[in-house]
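Naming follows writing order (A, B and C), and every chain is counted from residue 1.
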């Protein structure tokens, strides 16, 4: 078992009374792409800056290839960092920017020249060597920043919301490029973003941050299908949340008493009988039940209050008896019960398709 | 820095109460002797007149500078060149222009506007002309900023609402640009109080200013006590006025109710 | 013509008049310096360089110009070095002590020039330094320092600190990051401060007046004493020389500020 590239043990950061990050434990293996996902202020960027060495943790340790780097200043950690606003040196050409880290490492001129060329080719900007950052578009600047961080082949690449300043199309394009680079070079990446779609698309694993802590960490699919907390369920994709109390608990399945009857779902870890709980189900997992459809594990009744046409699908909202709203998603052209506003409907889903989470 | 500046200034100011003997007699002289009374009166009058002159001239200039983008660069240059020139040179220039056979008198005589040369130098008029020339940029710059910052749609809006150009100016533009104008005006006044070169070159006997007296006291009369006293008064006035502007800048904008 | 048009026209005319008012005096002084008559008539009856030749032939003027230039260079150098260091030191410093230091450094801007002059004279007189080079340099430096601190401070304000962070992550030690990244990027501010300080020193009269003696005086002091006597185009000529120096420094400033944003190209390695 090889040493993980990055290991965070109980890392925390406090600013006076304010706790920015606490109890972060993480192991990153070679070639992994992990995203730190969360809203602003959740501590993900702070954690990244601590790994980079731009801030010191108030507790915990950070190990790079098995070596404790906390006492090391950033210029000795040999990590690649790509900043949100690129941080290209405006008074240097593209080539000079990319050559800078090589100069710091006393790489001879001729070799540096070749490596800069190679880096430019890698990010798709051959021939841009003599331009100034001010002459480049946002996307091009981002690529130069990437080239600069990769040219010295660091064991770890940190990216702090690098695509945040780009427009939607460009962002999508850059996501593919970054994913490709990751695959081709086999680099280990720690990527910070607040865009859940971005995290889902690019990552091997996602760590969801909230209030300075990691709420859940795991593969995208696991996080999506089995969120551990309502926050994770709500942050990644849409969900309907129904409140209740845990009645029975067996084999990872829970029965929850709610205002809409007993609902069954997969129990998250840490739940006990009698706990307040939240039943979470994704819109695409619920279906409208016709008169002669068999009842599902979970069935509720209500009135359709909104139908929104999205092209490929229709989003609809069903208002339940106690005023709670259930979100549903129906592909356009699917057979089944027709959607019309104001109609009284029965909606159902299976127990495996829904999660019972601690109300915490 | 402390050594070269603060300490000497402090030492000087102390002399006001310590020279020639300890006591407040210097201040009493200042208060009682008519020489000093007229000195202070002169200085304040000159400063006030200069400030008013600057305001009157700066407004149209700054207005055109702010509202005619094609002219902005040119006018900025026109203001900057004298601004960066030595005050000595500028005051000397006015000596040349304002003398009895200087260009101004010559032109006016030639045009037949006057019968004999006007006395434009070594009197209050000359001093004011010179001082306004030097201090004008200090009002133009903040005023320009204020006018630029004003929403360009406000004056047309006032016109549509029925306000003639004068009313619109008085009720809309003037109040909104008052901060810039006030900043410049106070700055000019404060600087004029301490002015030395221009009044000395262009003024007559009745235009002695505090700064000139300080210089004479130090270099020629050797009366350090009085020099220090005058300096103290000048410095206190300067700091008070500048401090007052800072406070005004911070005070909440008064709402104009109808 | 509507009232609005009338007012606008009046504003234009007034502006033109004021523009002339602002610029004409200096232009006239310059032109008169080339007059071939000993009277200050404008327009001059004929043009000649006699006054400049006369300046060049008079040791008093020559010496004064050299003294002024020497003081200017030294003052500019010292004020820029100290001011830049101070601005950098103050940049990340907060708290009441920082405010006090900053106020102290900027004090010469607020204190009336005449008071500064008298005070500095008082100090140097007691040390016996009046009429010495170092007194004049000290005095000029004290006056110029706030301007350098202000211009360099302004450059630092707009400087993006994240560039420092990026440099650190790329392997640059703080010292290297400062020399290769920060300094080049604030150099326009430093240069502006330098030229400012030079201009201030050369044009300075009040402090110089107190500290000069017939053996050692600046060109402004010499001009001042001459102005109280008989004025003739020779003084115009010296005024033009003084103007020339300031305008040259100003032009340099302007040219350099236009070229801001041009890259320093270390290429690949030095």
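Points to keep in mind about this one:
Following the convention adopted for this analysis, contacts are C-beta pairs under 8 Å (C-beta built on N, C-alpha and C of every residue); 3 or more make two chains touch, one makes a residue touch a chain.
Note that the structure is predicted; figures quoted are calculated from it, not measured.
In terms of C-beta pairs in contact, the better-connected of the chain pairs B-C and A-C is B-C.
Innermost chain of the displayed assembly, by C-alpha centre distance to the whole-protein C-alpha centre, is C. Each chain gets a centre from the mean of its Cα atoms; the one farthest from the centre of chain A is B. A separation of 63 Å divides the Cα centre of chain A from that of chain B.
Chain B and chain C have CA centres that are 21 Å apart. Note on chain placement: the centre of chain A and the centre of chain C lie 56 Å apart, centres being C-alpha means. Per the touch definition, chain C reaches chain B in the complex via residues 3-4, 7, 10-12, 14-15, 18-19, 21-26, 28-29, 32, 39-42, 86, 104-105, 107-108, 110-123, 138-139, 141-142, 145, 199, 202-203, 205-206, 209-210, 220, 223-224, 227, 231, 235-236, 239, 242-243, 246-247, 250.
Across the interface of their complex, chain C is touched by residues 52-54, 73-81, 83, 85, 87-93, 95-96, 99-101, 103-105, 108-109, 112-113, 116, 132, 134, 148-149, 152 of chain A.
Contacts from chain B toward chain C in the complex involve residues 1-2, 4-9, 11-12, 15, 57, 60-61, 63-65, 75, 78-82, 84-90, 92-97, 99, 101-103, 106, 133, 136, 159, 164-166, 169, 191, 193-194, 196-197, 201, 210-211, 214-215, 218-219, 224, 227, 231, 234-235, 238-239, 242.
By the touch rule above, chain C contacts chain A in their complex via residues 160, 162-163, 165-174, 176-177, 180-181, 184-185, 261, 263-270.
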